[in-house]
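All remarks here apply to the structure that follows.
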Amino acid sequence: MIGYRFMGKAHSNAWRQVGHFFDLPVDLRLRTVCGRSAEVEDAAKKLGWERAVKDWREVVEDPEIDVVDICTPNDSHCEIALAAMAAGKAVVCEKPLALDAAQARKMADAAQTAGVPNLLCHNYRGIPAVALAKQMVEEGLLGETIYHFRARYAQDWLADPQFPFVWRLDAAVAGSGANGDINAHIIDLMRHLVGGVEEVSATERTFVKTRAKVGGGEAEVTVDDAVAWIGKLAGGGLANGEATRFAHGRKNQISWEINGSHGSLFFDFEDMNRLHFYDAGDPANRRGFRDILVTEREHPYGNAWWPPGHITGYEHTFANLFSEFVSVLAGGRGSFPTFEDGWENQKVLDAIRRSAQTRSWEKV
Amino acid sequence: MIGYRFMGKAHSNAWRQVGHFFDLPVDLRLRTVCGRSAEVEDAAKKLGWERAVKDWREVVEDPEIDVVDICTPNDSHCEIALAAMAAGKAVVCEKPLALDAAQARKMADAAQTAGVPNLLCHNYRGIPAVALAKQMVEEGLLGETIYHFRARYAQDWLADPQFPFVWRLDAAVAGSGANGDINAHIIDLMRHLVGGVEEVSATERTFVKTRAKVGGGEAEVTVDDAVAWIGKLAGGGLANGEATRFAHGRKNQISWEINGSHGSLFFDFEDMNRLHFYDAGDPANRRGFRDILVTEREHPYGNAWWPPGHITGYEHTFANLFSEFVSVLAGGRGSFPTFEDGWENQKVLDAIRRSAQTRSWEKV
Amino acid sequence: MIGYRFMGKAHSNAWRQVGHFFDLPVDLRLRTVCGRSAEVEDAAKKLGWERAVKDWREVVEDPEIDVVDICTPNDSHCEIALAAMAAGKAVVCEKPLALDAAQARKMADAAQTAGVPNLLCHNYRGIPAVALAKQMVEEGLLGETIYHFRARYAQDWLADPQFPFVWRLDAAVAGSGANGDINAHIIDLMRHLVGGVEEVSATERTFVKTRAKVGGGEAEVTVDDAVAWIGKLAGGGLANGEATRFAHGRKNQISWEINGSHGSLFFDFEDMNRLHFYDAGDPANRRGFRDILVTEREHPYGNAWWPPGHITGYEHTFANLFSEFVSVLAGGRGSFPTFEDGWENQKVLDAIRRSAQTRSWEKV
Amino acid sequence: MIGYRFMGKAHSNAWRQVGHFFDLPVDLRLRTVCGRSAEVEDAAKKLGWERAVKDWREVVEDPEIDVVDICTPNDSHCEIALAAMAAGKAVVCEKPLALDAAQARKMADAAQTAGVPNLLCHNYRGIPAVALAKQMVEEGLLGETIYHFRARYAQDWLADPQFPFVWRLDAAVAGSGANGDINAHIIDLMRHLVGGVEEVSATERTFVKTRAKVGGGEAEVTVDDAVAWIGKLAGGGLANGEATRFAHGRKNQISWEINGSHGSLFFDFEDMNRLHFYDAGDPANRRGFRDILVTEREHPYGNAWWPPGHITGYEHTFANLFSEFVSVLAGGRGSFPTFEDGWENQKVLDAIRRSAQTRSWEKV
């Protein structure tokens, strides 16, 4: 694993845990974690890795390593992934896959050439309620036509202008702000659940233009604080979305709703063990959104964890996804987002950014 | 109508409104309101009555009056109702019907003897969500066996010890406190929805023993501030309830839940347009409480008011109930609580009070 | 009052009720209702009017009438209002005020010329929770800067393709569909709470192109079934909205959220007695959206109706607004939307429609 | 660790995880798991233990083991714990501690004699929202007087009469049913948050008298399916509680509410990352239950896990508690329930059972 901060912590946990809860076809070994600073030694111990190195090339070249997991800032994803795949490693990469669609395409092509399993870690596909939603859409429970997909990803960690400057606010490192970081999740979930958008119109805001650096001085915020967009689904439906880090009181609210010709679904990540389903076919006097607590044995990933009503949390989404990936590593079947998805997602994100700049509708 | 304060306002409104929303078999005329103080003249105008009188006997003796509606403090219900029924009037009475079961029995007997329509105004039976619940229980949607009925009626208007002394805190006038005032609603709903209790064990509290009188001085609180009880349903199920005026933040929370062998229902008056229904027969992976917004044309009283999603409020519960009563007045059919229910309810309330005093289980 | 169907019923109710709950400076008399069909006689009786006429000119010319209330389909608002104001009547008009901004401007000008009180019936300003939100924004509780205003008005009465053709689906009569009918409420609330938008980008959909007529035959749907838009608030903030009649399970969900630099508010009409407020200034370990049940005496309109926790409904929004209007009729003060607001709202609605057609950002 | 099924899985997970998220003063090693069947070998691997044994005495006698964790059925807790403490081991025991208060007293005495750290695993004290509630009560945010404590623990796994017979339904092994298994959690939380009860009146039900055994044949259910009780808090307040496994739709709903003289708190385990707080001291027009998402750095255990809004689940409650225990193991400070609590809890559970049998109030 390359990188060991927030995402490194989440991935390490999932690698450690997945074998304790799922019946995996192979045993996992957490061989090496890589980071540029001296802290990586402590991180290795804390996160459960056998050893730590400072140069990611050591990881890529280690013949004992089968899977390289990339948890670094966004601008290094491409280089590391290409090298890892060239070395025949299976690759896991944090989202967003790349800084733009061209880079994403390059990575997807390399994955195809190398023929290695590749996982783009849109962990929210691993939410049991999302996996159940996917099943329900595929079974046709929402009807033949999807009228609406709408989503909002709202956080509030930047709403305070005193919050300091961090790498996520630097376009050169992060690529974009709310768009690539959190709108990316909306786009991936939309594509996963109801398919892609054909064209979009968007607007972005940077509400706080400069922020104090931790070490002193000011730095310019070169990414978007918030983005909102409207779009046309491939099937003709209407999509709209919003991603912001400026919504006081919303801590990690990724909420979405789908309205189809036979029913609706909605979800809110702050209450992530529930899925709400409205079936227009229920008897007229007792129709209503069903509040499904997605912790039953009959639910996706329900057998792996705890009894009904004993909820799981954020970290489990990674383990669920990794269980699918490990299954594929061993030659079995599994469902997870790939670099190809990363490219598709990035095309939408790029169109959204272009539209915000050109102030016109942009084709994806 | 005798009495013109809180309940008088609610009843007057319902009498005025019911004909505008329901197709009634007769026209209603708000003839006379009666009250002992000079304010009754203003009240008549404000509440829409043709004239005001100060002696309730004038109302009872007026040959032009067909229905006498009693909204006075609890200690006068019996005398007025007996006189009205003796005069051949149909009678509406606010709850609790009487100060105790003996008095209630006397009133129910008189109603039978007089053969007049009689409505005990447990208005919460007129909540569309409650009426829907009743239908669902009768259709067997909860299964053959009721395991649990539990309810709580919580308010907070007495939680502040500075709140002044009022008649509702005087046992001589009110009969009891939380028990007769709000637990009475729980008991009536329980009997309406799942049947009566056979025996109970209860406890009461008076948290604040004395309160300042508005005109000066202190008065002793001689009623219960809160009551909690456990009981055995006629069918063997377990009932438990609580009524309190000391629950900060709960303004008028009458919430109940029923668990049967095939499903569950729950309700909260603070969100009174919704009924929540769990059907154990739904497919295993999409079971969940349905959040039914009870405003559809297919719902009880749904045709009378507004389009779906346009909610009704507290006052509509009275109009809904009065529409049933007026139907019966005109020789038709209607469903509403009667003095007989008042007696049945009072027997339970008395058993609860007895149990709180004797500290033993009491048969109803 | 001209017109007596859904809105006529709601307005009549409010005219009848307002005097019973508010201390009005004048007495109201429901003189005449007007409608073109024979049913208007029955409606007069049902809705509480003294008499019925078939030609609206009779109403406008009646010297005993002081206020003309227009509840007709949208294409007749302008003509009637102009005539009524020319005759010196105070005017109430259902929303949307006009078919387009030019017509709205004409009406607003006429109101100014005539110097008569004029109320545009955006009744949702009369929701106590909305009135409280307005107070809180004005007191600065959300902070100096508004980052986001987002709203959704979702219904599902057209989601069923079998629903028949009605006048609201005919552009010649209704002007527009979801835009003028329900997005209009969003726009009015946005302007009321956080100010106007400067420019918008929008998209519309007509999901079901033709519908069966009640008398037989098919008719083309010439209005939008749904509209979504993004926009720039006057203060620089980001606005986005959506209005649809195709969201299964959403009966009358007008929900909005405001995120400011010091706090947030959200609201959902399906639970209209509540306002949710997040105060970023609360102690760090106990911040959270406050679920305010807006039924206290300290709340807007709280004294007029029932005790705390006894909720009010849809119809009360009209009575609340009318109480403000009657106050102004009598020379007092009151706050309500006027024809000037109608014009401002219509400019936004027109810009949204233009943008949906031109596929470019449109200035308001 | 002795025992490796549901609770063994939860405890093993916590032992594995706690060091990865908390800065512990010592390193943990998962030495031995013990179970009587052959499956224990697989369990050792799956749950992350170094080796497996079949006789619990081997664990107790192993000089390399410092802590013995008891996850066996309830009837063996006492014997194992006594032996472990006699051998100088620190002890962790699943709840309920014992089959009755006498046994619990024996264990608490032995712990005192041995002078070893002892943890009774009432894991719900480790819920961040519960820990926050504890802080708030201690800070006096609810006021000086507690009027009400009420709680309900509802599950539905036995509501289906076809569910087979398991050890939890056998009084000889389990001691009791809903009372010891889930009411025990209510009692522990009550004591933790607002103190003990002095006396109780209770009733129990066994709704389904016999169930099919997995291997064939029928077995009698000798424990309670549900229990409800009312009681008197040490401070005079009113307590009431209910525990049932027969509430369709309630998967693991442990909900409680506390009403004090200055505010209220409520909580529901099915939404366990939230705590709801009503502060009667808030300005009158904006009082309401605050919906606190307990995932901030300022919240208990908030630094150990994920960023705000990234929720934790059931399993984390164990790790949180173990982090406190490990701190004490190393001579530091920590807060967790002990065998002494087990005895106090058991006295209440015994009084509840006695009361259900004697049908009278029982002192604790």
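Order as written gives the chain letters A, B, C and D; numbering starts at 1 within each chain.
Heads up, the rule we're going with is that a contact is a pair of C-beta atoms (placed from the backbone, for glycine too) under 8 Å apart; a residue touches a chain by one contact, two chains touch by 3 or more.
All values reported here derive from a predicted model rather than from experimental measurement.
Placing every chain at the mean of its C-alpha atoms, the farthest one from subunit D is found to be C.
When the interfaces A-B and B-D are ranked by how many C-beta pairs touch across them, B-D comes first. Subunit A and subunit B have CA centres that are 53 Å apart. Centre-to-centre spacing of subunit A and subunit D amounts to 35 Å, using the average Cα coordinate of each chain.
Once the centre of each chain is set as its mean CA position, subunit B and subunit D turn out to be 40 Å apart. Within subunit A, contacts with two or more other chains are made by residues 250, 287-289, 293, 296. Put simply, subunit B touches subunit C in their complex at residues 6, 10, 12-13, 16-17, 20, 46-48, 155, 157, 250-253, 269-273, 293, 295-296, 305-316.
For subunit B in complex with subunit A, the touching residues are 132, 135-136, 274-277, 282, 284-293, 296, 298-299.
The touching residues of subunit B, when paired with subunit D in their complex, are 145, 147-148, 150, 152, 154, 156, 159-161, 201-203, 205, 207, 226, 228-232, 236-238, 240, 242, 244, 246-250, 257, 259-264, 278, 280, 287-289, 359-361.
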